[in-house]
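Next, two complexes with chain A in common: one pairs it with chain B, the other with chain C.
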Partner chain A sequence: MADQTVQETFRRFSVLQRAVHLTVMFAFIGIGLTGFSMAFSSLAPARAFVWSLGGVESVRYLHRVCAVTLYLCVITEVVWLIYYKFLLRGNFFGPHSISFTKQDLLHFRDHMGYILALRNTPPPFERFAWWEKLDYWTLFIGMQTMGLTGLLLWFPEFFSRFVPGYFINLAQVLHFDEAVLAVLYKFFVHTTIRHFRPEVYPGDWTIFTGKTTKEKMMRTHPGEWARLNASGQIIPGGER
Partner chain B sequence: MDRFPVFFCGLIRATGSTILQSFILSIIASSLFMPAYAQPAWCGNSSSSSDWFLDMNRFSKAAHWTLKCDRCHSEMTIKDKAHPNRKDPRAMKKNSLRTYDYKRCASCHPESYKRYLIGEHANALSKQEQDQLSGDKPVSSERLAPTCGDCHSSHYAQAKLSRIAIGEQMTETCGKCHPSQKISYLKNIHGQLGVFLQKKASAYCTDCHGAHTCESLKNKEKAWAACRRCHRNASAGFAGIVIHTGSEDVLKKDPKKQADLALIATVKRIGQIVTVIILAFFALQTFVWILRELHNKLRGR
Partner chain C sequence: MKPRLLRSVTAVCAIVCCLLAFGMAQPTTADDQISECLNCHRQRNLNANEGVLSSQLFCYDCHLDPSSHGDFRDAKVSLQVKPEYFQQSSHRFVACIQCHADVARSPHRSSSGVTCLQCHISFLGDPGIHASHIRVRCEACHTDSQFVELDVAQNEIKLSRTNTDSVPISLANHKTTDVSRDEFCIKCHNLNNRVGAPVAVLPSRSFVCLACHYAPLRLGSPIFLIALVVALIGMVGILAFWFKAGVEDEASSVHRKIQLGSELVWSKIFSREFFPILKTVFFDILLQRRILANGVSRWFIHSLIFYSFFARFALSLFTVFLQKIAPASELAITLVNRDSGFVATFNDVTGIFILAGVVWAMFRRFVTKPEYLLTQEQDTVALILIGLIAFTGFALEGVRILITQIPHHIAISAFTGYLISRILSIASINWQLVYGYLWYVHAILWALFIAYLPLGKLKHIFTTPLSLILNYKKE
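Our next item is the complex of A and B:
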């Protein structure tokens, strides 16, 4: 018999968070495709892609549009951070925060133990598990370095007034290496962890709908569930 | 698709004799399956650009097609002897590139020839000739510095090519003697944009090194002037960007640039190692994680 009871749903992500994720997602796919099609222009498929977008001029333009969009998302996050800290009087290192704390190291250790079958259960993750925090911060910090090296490549005439010329070469090397790292990490590792693990397969739509269920929360973020229960903050379908 | 067998059957029936059939089929097969270098000259792919023998099919498409032979070849002398020198049976076996008097090109291309004479290639050639005369450093005829014919095919070079087509040809031509520079150029933004992505505003070899002068840009001032031809706001530091980053491209006499290249190579290597380690860790971790969850699911937990 199928369970006919309506599942209790909770809001996990706000509209802003979902909008930023969606924007970052599309801009990231765009910047990755345009960037690699230029970096691997010696290969015919890359040239075919560039041609299909109307030549290298429009590909460069799109790459920069995506870059600016991504950085605007970073600025949005920083503005939100200021709002959260000074107007909402939020706690940077509380259990609901995305910041890394000592607890995450312990969770990481225990989680590795679980993966290697040394423990029977995963650790009681709080609102954000260690890999969720890693996903966030790799992109946040990665955007600073990609942005900096990208600016050096965008305006070499300007920046070479302040730094030696070979810094532009270094910027090119680092921009490419980090692009490979970021794209392979986000396209394969991030996607697999969030959608293709047996636990979440065929997909975890929470980041797009913003909704999570009681059952899912108890399974994936038991620490958060226990804390909310203890403090009596649970309001189904509403803001926490 | 089913028209093709019908077409071939018709063709074979029409030709009648079996010898003719096999001849036609062998021509079709050879033009389809033979590699370009193995195809005969009538395919229009003769590899040598300047030779004693002329491929009229290609010559008829070339820039010099309108000239009569004697415009370039009359009153020709080789080392003060008339050509063809009937007394010397080896004359035809000599490399025509080294025996032709390229001063003749100057009669129609005076500016190019003048620039060639003040350029690095003419410089190198005269140095080699002096060395050979003094017997210091004998150079084999294949390694001699180039004259007009080494870079330009006088019989087959076409006129009115697009800037991009010229740039592509130039990369190949210069790359014959400067292969490591060709590789590093094609890895550089200029080569990628100009050759692979067909952006004609990009710089090809001669845009920086000068047409026919073929200057080395080791001198910072010269390099800066070359940069500013396109990057008008470039500062002196801009010329410090290394374009040819291959290890063979930089002379040992330039320790500053050597150090820059070593730093770039080190950063590149560290970046690659870090990238591989991080990706390998997460790929392995995710894989084992999936196995663990599969195990749980199969156990019904």
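Our next item is the complex of A and C:
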């Protein structure tokens, strides 16, 4: 009886992906808390938070530590990309890739159709569904603009040698506005989609354990499941 | 124009002129008097350029005048500020009273001097160049005057108000030093300096020094770069050797082996075995239970070295963190200063422990030679390296205390270094010259230690804990 409840598991995320996600998660929470406590410094909770960390200087320092950590994760991803392409001979636009392809547009259309009850089944998502790719790329691209505006604010004297002074003011506005957007997106949209869906609630642990079940894989990534089964690449017991 | 009209216009103009004249000749009211006082005494908005420049102009009223002077030792010393220097400096948009904070008073004089740290607080005890110059006042390095002096009573190095012939000099020109050029160090670091500076301009410490000292998170001297490259090659060699063997069912693909190996580590850390593993880490690594099981004397020897390095490393990291987040806190000021009572005593006690551990280990290996103890070349190299590092460290401290003329009541906290400094003072050697060479010997020994880490006995620092964690089996 007990054997029947044991589900077959398969590895979905590598250790590197899990480690990067964990680091990004903590650094993002840290950067959000420190950033907003400085941006809304007139509010009592922000003041209490800043006080608890030893003043605005230390909050600023921690904000930058988190920023550098986040960007190191971006660099890790780029290094991995190079390794994936040139050493592992991977395909940027293959079914395993996180890159957007034409297929994602079709999946998006079909998915909307499924949500609006125009279709009976969801599209056969591959390794990464369109919203997962969107999740990844919003952060990845957002990190470039946040990083650039953040650098302008970190070293204003240096950058004002090359750009007019009002660029610093622009950077401040853009940095804050995009921070609000990023936090709203990650804390509400990402968290809701990943962890608050009825079938995974109270949390989807795949990104932390790296493992997924056969049932979940067939349901959420049927295209990938079918492809791997057909090619005989799927090996039960935790590895693929 | 008709005469009547002309008369009327003339009369109106005369009345208007009278009224205007009357208005202008209004007696001074109390408001006007206050306004006149505020010409000098008003609180300017120093957060805006208008307030800053207005404040500067107020000071310039006197200090641009070539005859502006102060008295020092019965001599007149010019207090004329040279705008050609000041207006080129990075402080040109800073009001005079923001730096000379206590000068706007009667009588008009300053007792605290310039207050650089009010704005530049992050440099207080900064682990780069500033921590090793903690008793040097900012202006001693950052202004262009060539004359500096050691104030033994205050235990600080400051700008001298006299030249080498004891003639009073002016310090008012506000010409700052270009610190991007190394030449400015020579003002103190020269053969005949009287401020207790070593003759050599030594490079900054490196992050690899954090194992024992408070140090910046930068590479520092090229010596350490070479050491790190050697260590890195050694580590890659070890990993390559490890991955020659198969990992689980994989025998050929290195990529797959790394994948499986990292999975193994991850599955150990993020598993239900986490707390039992933590227990293993605590007992077997931190408390060294396995070494104790092998013998009490062995445990003592290992502990003397291990705990001392561990404690020094932990304190260094904590100090770096604290200096970054709260540089003005009392604790940070204490910890960044190697002459403060706690740090000096702590460093000496841990240094003595390390030396004692090395001497005891060598005594066992080369004198008592118990049968079960196998001494290899790599054991001897490791012990000699650690012993020499500790020994040269103490010698350096002794020379430093001697040449910098730290007051005895402060220096005594570093009891070993102080004792060495007393002994060294007997020999009439130019210790200021020797210090530089000794520093390089110590640094090269540490660089050798770093480079040797993956190659010999010392690699157990990494491999033993890793092996204990990976080979952990639930009891």
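Criterion: the second predicted complex is superposed on the first by the 232 of 240 C-alpha atoms of A that agree within 3 Å, B and C clash if a C-alpha of one lies under 4 Å from a C-alpha of the other, contacts with A are read in each partner's own complex, and residues count from 1 in each chain.
The working rule: contacts are C-beta pairs under 8 Å (C-beta built on N, C-alpha and C of every residue); 3 or more make two chains touch, one makes a residue touch a chain.
A quick note: this is a predicted structure, and the numbers were derived from the prediction, not measured.
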Three-chain arrangement built on chain A, chain B and chain C clash or fit: clash
Touching partner for A:193 - first (chain B), second (chain C), both, neither: first
First (chain B), second (chain C), both or neither touched by A:58: second
Touching partner for A:144 - first (chain B), second (chain C), both, neither: neither
First, second, both or neither for A:99, with chain B first and chain C second: neither
Chain C versus chain B, contacts on chain A by residue: B
Touching partner for A:229 - first (chain B), second (chain C), both, neither: neither
Contacts of A:91 with chain B and chain C, given as first, second, both or neither: neither
Clash-bearing segment of chain B, relative to chain C, as chosen among 2-10, 164-172, 200-208 or 236-244: 200-208
Chain A residues contacted in one complex by chain B, in the other by chain C: 55, 57
Footprint of chain A on chain C - complex, ascending: 121-122, 255, 259, 262-263, 265-266, 270, 324-327, 329
Contact footprint of chain C on chain A as seen in their complex: 11, 14-16, 18-19, 53-55, 57-58, 61-62, 87-88, 208-210
Chain A to chain B touching residues, read off their complex: 38-39, 41-42, 47, 50, 55-57, 112, 114-117, 156-158, 160-166, 168-170, 172-174, 177-178, 180-181, 184-185, 188-189, 192-193, 196-199
Contact footprint of chain A on chain B as seen in their complex: 186, 189, 192-193, 196-199, 231, 233-235, 237-242, 245, 260, 263-264, 267-268, 271-272, 274-275, 278-279, 282-283, 285-286, 288-290, 292-297
